[in-house]
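Down below are the structures I want you to see.
Heads up, the next two complexes both have subunit A, just with different partners, subunit B and then subunit C.
Take a look at the complex of A and B:
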């Protein structure tokens, strides 16, 4: 009698484990399927792999926790329940946290990630403008920075960046989603010269400029900003406002023309 | 003389552990859904904020609650 009862309890338990494993395997297969690779032009970046690993772990975790807590909770033995919770409440959340953090830290380096907030559009549009005289545009046009152009100069929000960078990132996000910011935005922080010096200091071009040698200590101590001599890095707020008005006008004209 | 049937009184520690685990499960499910939205839809102001500023802390809370429940149960059993 006892054997039958135990067998009756074990059967659905085994079935649920098999179902769960099948769901996780299907997710992993979908993530690793060559069909997805074709959609991403046959190449899989590290970011894609991490993202899909995170998706698979998140879906697997949600399924596991719902099944364990709500469907099979009373049918599971105490030890099995605890072991499944170890996977659902510790192992999978750790994988998801790791992959998401890596995805955020790597993904935010791209120019496209900056473009996902519309307040950044004037900055990126100016950078890509071949006739713009700004520092960002000159770096972009001359291909001085091959990729991740925003991140190369604004390194504070990266993994090795400062705590202030993360705090400001959170603050800016909060302003953005609550629409409690004044447009055009104004830069309120300070910019560390070391962001420029990491690439420029010690080069032949840098050494040729006499004022660099004379002001080396001042520049290193951030008492003189590089942009004090080398022009505005981005369009000024008034220029950005004009650009925004012009693009709104062009959009309105296009709409009228379409009507 | 009627025989009194004794109903088992649940151990308060076990009840607490069970509550912690239930809360951890709900917190983990909510956190995983938030993170999944971000991973699926990619970089956007709302999805990224929801995934990183809401989802990750919820997952952290779930892990802490789970670890707390494990430690409480091990203490209850005299293992630590």
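Take a look at the complex of A and C:
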């Protein structure tokens, strides 16, 4: 049991190694998961590079550990053996951790990431429906928001916005995997109007509406939501029910294209 | 210490499980720690409870959710489950402030030595009863009157109508709907035999062409406009044809815009029918089986109708209306050729001397082309007040009317109502009462001694208002209002403070025949009471307590829905329990399991319609709807060298009616409606610059405003809003009215404008 003994100098026991390997494999799977594939129109995005770097590091790390431990163990000097183990057990896993975190942080911005929970299907289906009059659908079909459409409107600007966004995502995920959410799902709290105002405020269209001037302070304080007049942003609960009753694979017949 | 292989250091699987479980559990408990903000976004305005209700303002009747905290209304948002799909306009959002505005009437007041002084309820009501009794005894029941409102709840208008018509014995019951909806009523009743639209809001979702005439829908019915826009966004081929003298915000979205001269609608619609005939757009099945033709009292044939229409060529009408013949032809083509056309109109059509004729010609265009009774195809009149339809039109709280479409002039109708109200035959007077303008004119003459004014502001809204202020001064005027002072309480002898919106409970009926419930959520301020409580007490003090036996909103509603069962309006199935649960129901709705009626007169859809044909126009004895032969009359109050401009009045999005409610709302105080829109061409000739103080002078009076140079109006036309009490545009307007509906023509009079010399 030489292997175990030597390894035991670095790690307390075999079970921990198995756990670590499982974690690495999990990260590889997460990084490569097609649910978070981002459309790049044939080019390599930063996200793709990071993902493949992570996969390469993970595979390389496992291969290295297996080779070092089982094939070349006797041929290696003790110092080299320790250094290679260090690389296999720490350096490469750190690269994997970094790239996967980055991939997850970026990847969860995508519409597909939101779509990976089935409660989001009616929202995304509606957004992609060229005949839908909802705010989300109009922003989508007019390309007013070029990518990461869900994230762009639901995560507020700045670092706090990102933290809030990731927290919300985590909470949603938690509720989802434990099935402890109430249906129909509801937006929690007051919507942050700055998500709308950053683009719309100060435009000619905005300025010519006297109501906007009258409500400027209330809107800035989120005491009145933009969607109070301009909504609904997504299909309403009753409409979502109708959409959910349709087969999920089947999308609306889209013969007409709206502007 | 040697370790056992099966008890390693670190976490076991079980421990890991426990750790994760505990973390999730703790995460769930976060909101309880008061650090909820760290875990979940929070509402900016915290509320204790959300309650279903309806907006206080216009006839759209949007569903609202009302947030209460510490027994106060703190937040209002649109109701996702109501027809407005969660949307509200700025006025609807302002409802969260209206109850707590400055200027609420808090206690009764009696005028002594020319001044209103605080009094007790008992003293005020004693005085009111004494004055009314004295007038009735000395001068007969027709010397007293009630002037109500399309904003009172149905229970209140119904009770007032019953008290005055079946108790006191006078038909002097009228109200502000006469100023806004009367021509729509006569338009519908002369065409179908029954009032109220045949279609509903849902038709907007199916229409392929919107014919909008005399309506600035974007500003005055913004939530319905959003629904129209939803349709055009979903189906970009949907056309909007707009007829309006002003190039309003609505006009910016129109595919075809016809800027006609005010008061020339009859020519335009006749010319459009001319094109229908010329281009074979007439639905011959409709003409053969479902339509009759009439001119005045005379029945006419379709051939006679065609001869009548032959005069109205697009070329001739174009000259009258000030548009091109080509645009009339195009409008007619878009109207007739679409799969489903929906017309929308409001004050622009109603408030003119030919209001009734204009209304029934729009309806006739639908009847002749068959654009009716299908999803998306309907002539639909928009309403200005939350309960003009349900409270006043349906209850017949008008001088010529009785409940559910009955008429004072019809002996059979009087007998029916006497039986239903359990009063002796002959109690209801056969003489129609005074309509709005005639009522105040009678007060001028001294024929009406006492008038009970509830929830409206005739001191500002009557046409040529200076003429009628004398009568208000002369008569014993009781004003029940939630606000004081107003232009009417100025003339009041007694002011009674009323509860507003959710300070009282009641049912209203919106523009699409939808009855819905306003719950009582908070107590009224000071000593204010609900209008129903005030009317019940008046009945008691006038000795008609037995007649007014239903005294709570629920009991009055139960009585009323059972009365309706004896008519084609039948909404007996709209029980209080259903109203509490549902977002309103559309009548006819005869049973408690009936889902309500979207399209009237269609057998299979409308429970009142018989047979298996395409239509059953059951309001008419022969089951046929009537198409009228109406002529373009010469305009009254013509423009001359002395009065060379046409004066038009209207509204803006942010304020409502005479601003008694919207005026004090903090967020709306920056919106000033005191301006005169004038075309730069006219301004140039009159040497008027932007912002100059100007005087608008008509044959009746003057009003001062600030000039706003804009091409929204055409050269030769000026426009002002009717909102502000600071500048009474009705000192200039003309008090002529439609001969059928008696609705005044606020939309057109001749004026001169000059720069005010300081």
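Basically, the second predicted complex is superposed on the first by the 162 of 259 C-alpha atoms of A that agree within 3 Å, B and C clash if a C-alpha of one lies under 4 Å from a C-alpha of the other, contacts with A are read in each partner's own complex, and residues count from 1 in each chain.
Note that in this section contacts are C-beta pairs under 8 Å (C-beta built on N, C-alpha and C of every residue); 3 or more make two chains touch, one makes a residue touch a chain.
Keep in mind it's a predicted model, so treat the numbers as computed, not measured.
Asks: In the superposed arrangement, which partner chain does A:204 touch: subunit B (first), subunit C (second), both, or neither?
Replies: neither
Asks: Figure out whether A:59 sits in contact with subunit B (first) or subunit C (second), or with both, or with neither.
Replies: The answer is first: A:59 touches subunit B but not subunit C.
Asks: Let me test your reading of the model: by the given contact rule, A:101 touches which partner, first (subunit B), second (subunit C), both or neither?
Replies: The answer is first: A:101 touches subunit B but not subunit C.
Asks: For A:138, select first, second, both or neither according to whether it touches subunit B, subunit C, the two together, or no partner.
Replies: After superposition on chain A, A:138 lies in contact with subunit C alone.
Asks: Given the touch rule stated above, what does A:182 touch, subunit B (first), subunit C (second), both, or neither?
Replies: neither
Asks: Quick one: in the complex, what on subunit C touches subunit A?
Replies: That would be residues 5, 8-10, 24, 27-28, 38-45, 77-78, 80-81, 85-90, 93, 222, 226, 229-231, 233-237, 652-654, 667-668, 670-671 of subunit C.
Asks: Per the contact definition, I'd like the list of subunit B residues that touch subunit A in the complex.
Replies: Per the stated touch rule, the residues are 21-22, 24-25, 28-29, 31-33, 35-36, 38-40, 42-46, 48-49, 51-53, 55-56, 59-60, 62-63, 65-67.
Asks: Could you pull out which subunit A residues touch subunit B in their complex?
Replies: Spelled out, the residues of subunit A in touch with subunit B are 51, 54-55, 58-59, 61-62, 65-66, 68-69, 85, 88-90, 92-94, 96-97, 99-101, 103-104, 107-108, 112-113, 116-117, 170, 173, 176-177.
Asks: Contact residues on subunit A for subunit C in the complex?
Replies: Subunit A reaches subunit C through residues 12-13, 15-16, 131-133, 138, 164, 167-168, 171, 174, 178, 180, 188-190, 210-211, 213-215, 217-218, 221-225, 227-232, 236-238, 256-259.
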